[in-house]
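Here come two complexes built around chain A, the first alongside chain B, the second alongside chain C.
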Partner chain A sequence: MDTSEEEELSSKMAFLEKFMDMDRRWVYLLSWIFVLAPLLYPLGLPIPINQEAIKWYDTIDKIPNGSVVIFAPMYGTSGMPELFPMTVATMRHLWSKDIKVIVVTFWTEGPLVFRTLLTQVDPTSYGKVYGKDWINLGYVPGSETAMSSFGRDIPGTVSSDFIEGKPTTSFPIMANIKTATDIDLIISIETGTPGATEWLRQWQAPFGVPMIVGCIGVSVPGMAPFLQSGQISALLPGLTSSAEYELLLKKPGLAVAGVDAVSMSHLMVVALVILGNIAYFATRGSKGGKK
Partner chain B sequence: MSNLLRRIEIPIILTIVFTLVQVIPYYVYIQPLDDAASYIQRWILILVSLSTFVGVISILQVHGKNVSKRSKGWYFSVIVLVFTVVMALVGLPLAEVGLGDKNLVYLFLFNYMLQPLSGTMYAIIAFFIASAAFRAFRARNIEASIVLVAGLLMVMSNAPLFTVFWPPFKTIGTWIFAVPNMATNRAITIGAALGLIALAVRTLMGIERGYLRGGGAEQ
Partner chain C sequence: MVDLLAVWTAVFFTLALYSILYKDTAWYRIAESVYLGVAVGYGVSLDLLYVRNQWATGGWATPGVMLGGFIIALVLGVLWYFRFVKQYFYLYRWPLSIIVGTGIGLALRAVIFVQFTDMIKAQAKLNLWIANDMMTTFNNILIFIMVPCVLLYFWFTGAKIRETAPMKVVDKIARYTMMAGFGSAFGYTILTRFSMFIGRAQFLLGITPNPPENMTAFIVLGLLILASMVGYDLFYKKKS
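And then the complex of A and B:
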């Protein structure tokens, strides 16, 4: 190898090493571009429908008429970018059917999340009457203890509703609702604790109430044992599955709009990791290369 | 009398009694015990509700002290104090005087400050994850290579861009989720549950006193 070749090789190695030690702010900038660009200029990438969304859709779609469902937005404002689209889509689906819905949350910001939903979805447009077809019981403080108490005695734990402040028992929807055994399904959309495991301990195990869970991506691995055991009947993980569910409902919304950004950000991470490894292997054996 | 009340046995007995009242009805239905458990749970709900005020007082004390002492970053404490007070006042459930969750100030703070700021704080994680993945996912040895390959496959199985291009990405991702991930999580869950049972038994027997008097030294 002559001197010029050595110099060229050395400059290539220097570049690769520089790339491997790239300042994290460049990665942040790239992330920002890869997320923002598809939001501003949607790519309209195809979205294949997967089993999770189909199971979620089927579970809700097959709820028998007249059933009573607990709908629990168990998250705060920080979870809204990822979970709000599935919250909206699920409520649209529920209100399009002849099902009684009891909204309750054990997260302080849960009622505010649901109030935001009401600004976007009008239950009266589905012919639903407050107090007869659905009711909002608001936030119940006390985390898992409150969930247990709520299961044992629903009107005893929440004595008045959240929207009108009237006694819970004065609403027709609550006429036959006393304990968890009167509930046919729990739908928990959540970011953490209290959430699925607390529902499992205080509702699913002691009362046998079926439940389905919508959660953020990072919570998904922890749900696997409960999904496999059948304790959780369906799981809707993250924004991509929300987009698939919106497509199944034929009501594309916030999730479909955001899924291009998910794809592009994932593409960027994969590309960076692969390039980083190529650089790592190329420089590993070189003089002064990373070991 | 005061010496009697200070005895360590009293909180231990209270813990044992109240724990058993909650645990037994979970497994065996006995009407009076079930009623007692429900009744006690409502005490807890009341206590938790009251503790919210303790939280507010604590925030006011901690940040009030920061401001009065002009500690480092005291101006952030001013922001916390101002918004704690404003949000609490305008959010009071007094609809007849225009307060509560329909109040315009409350709605403005919620819709245009709390919601975007909280979402932003959560979304910032994406930047750290991208940077961390770039740095940490290097095939330095066999273990790191397994993590790298599994991680990349999971990332690709969750992005429609990849699953449309090659559908088996989704199948592989589902397998990783349902088999190795599930097995690991199940082991962790069962292990933690066994640890909790052991802790509960020790607490009920009065052996575990870590929750008493900062370590439960014998008095």
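And then the complex of A and C:
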């Protein structure tokens, strides 16, 4: 190897070593660019519809008329960027059918999430009457203990509704609803604990109530065994699946608008992982490289 | 006017929280404290609302067992605050033990079915051949091999049997399985973090149904916060 080749090699190594020690703020800046650019100038990348979204759509679509569904937004404002689009889409789907919906949450900020939803979706535009077709029971403190109590005695655990503050039993929708056995499906959209595992322990196992779960991406590896075992009938994971569901509903919303940004940001992460690995292996034996 | 104020406040706190990406700044500290304070305050108010409703319409005010139970619950609730009194700290252990005991008891009652026997049943029922669905067949075969390998890996931790040739194969499969699991968890974590950022970016850019005024607030406040952070750094650099 002559001197010029050696110099070229050492300058390449110096670059890779610099890359290994790159200030993390450059990555953050890149993230902002890769997320904001496709939001400002949409690329219109194709959105293939996967099995998860189809199963979610089919499960809700096939709920028989007159059924009673529990809809539980089990997350707070921090989970809204990822879960709110699927929450809105699911409620639109439910309200477009002849189904009675009981909204309840065991997360403190759950009522806030649902109140935001009501600013975007008007149940009366679907011909739904509060107290007859749907009811909001609000937040029930006590986590898993409260979920257990709610399953055994629904009007006893939540004595008044969240919106009007009237006794729960005074609403026509609650006339025949006493325990978990009167419920046909649980739809839990969630970020963590209490969530699906607690619903399974306190509702699905003792009362056999079927359930479907919408969750953030982080929770998917934990939820997958429940889906494979059939304890959960459908699982809608993250923003991309929400976009697919919005497309199935023919009501594109925030999730569809965000898919380009999801694709671009993932491409960026994959590129950085590959570059990071190349730099790591190339500099492993060198003077300044990691051993 | 109130709506506009809400928009600018929300944009300010979003950007103030994201200022941590630059470094730990005063903006971040303010936003973090306000967010935590508001969240706790909101939670406490909802807890109190629930207690009030149960008193007003839940029959807890009816003299008898219900009233007695309500008073006991209230007293136990007050005992939580003895955590802050050194002399009577032991009183705090009463509500703690009752709540932890009740929670564990309720969970254990069903955990054996939900997270143990039902999982074993599902594993036993795995269909290793599904006609016209090669992916599911392949997936089921993988589950059939990998799950017992991981269980055996932990079952025989520290045992001499781990040194035998068949167990070395099992160990290897188990390690690859766990690596695949961790990789999947990491991938989904990245997905979630970016999804959350994208949701917030949509808010900042005022993409429908977010208010379009957000964009102006984002540009103005973003530049101000950035200028303050960089300016602060330059000022101190010069001084030192």
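A few notes on this one:
The rule we apply is simple: the second predicted complex is superposed on the first by the 285 of 291 C-alpha atoms of A that agree within 3 Å, B and C clash if a C-alpha of one lies under 4 Å from a C-alpha of the other, contacts with A are read in each partner's own complex, and residues count from 1 in each chain.
As a working rule, a contact is a pair of C-beta atoms (placed from the backbone, for glycine too) under 8 Å apart; a residue touches a chain by one contact, two chains touch by 3 or more.
Here the structure is a predicted model, which is why all the values come from computation and not from measurement.
Of the two partner chains placed around the shared chain by superposition, chain B is the only one that A:277 touches, whereas chain C remains out of contact. Contacts of A:152 after superposition on the shared chain: chain B is touched, whereas chain C is not. By the document's definition of touching, neither partner reaches A:172: not chain B, not chain C. Once chain A of one complex is fitted onto chain A of the other, the partner contacts of A:120 are limited to chain C, with no touch recorded for chain B. Once chain A of one complex is fitted onto chain A of the other, the partner contacts of A:263 are limited to chain B, with no touch recorded for chain C. On chain A, the patch touched by chain B and the patch touched by chain C overlap at residues 28, 31, 35, 76-82, 111-112, 140-141, 143, 145, 148, 156, 165, 206, 217, 220-221, 225, 228, 238, 240, 262, 265-266, 269. Interface of chain A with chain B (complex): residues 22, 24, 27-28, 30-32, 35, 45-48, 50-51, 76-82, 111-112, 115-116, 140-143, 145-146, 148-149, 152-153, 156-157, 165, 206, 217, 220-222, 224-225, 228, 238, 240, 243, 259, 262-270, 272-274, 276-277, 280-281.
Here chain A touches chain C in the complex through residues 25, 28, 31, 35-36, 39-40, 76-82, 84, 108-109, 111-112, 120, 138-141, 143-145, 148, 156, 159-160, 165-168, 197-198, 200-202, 204-206, 216-221, 225, 228-231, 237-240, 253-254, 257-258, 261-262, 265-266, 269, going by the rule given at the top.
Taken together, the chain C residues at the contact with chain A in this complex read 21-22, 39, 42-43, 46-47, 49-50, 53-54, 56-59, 99, 102-103, 106-107, 109-111, 113-115, 118-119, 121-122, 143, 181, 184-185, 188-192, 194-203, 205, 207, 209.
By the touch criterion stated above, chain B contacts chain A in their complex at residues 26, 34, 37-38, 41-42, 44-45, 48-49, 52, 93, 101, 110-111, 114-115, 118-119, 121-123, 126-127, 129-131, 133-135, 137-140, 148, 151-152, 155-156, 158-164, 167, 170, 174, 177-178, 181-182, 185-186, 189.
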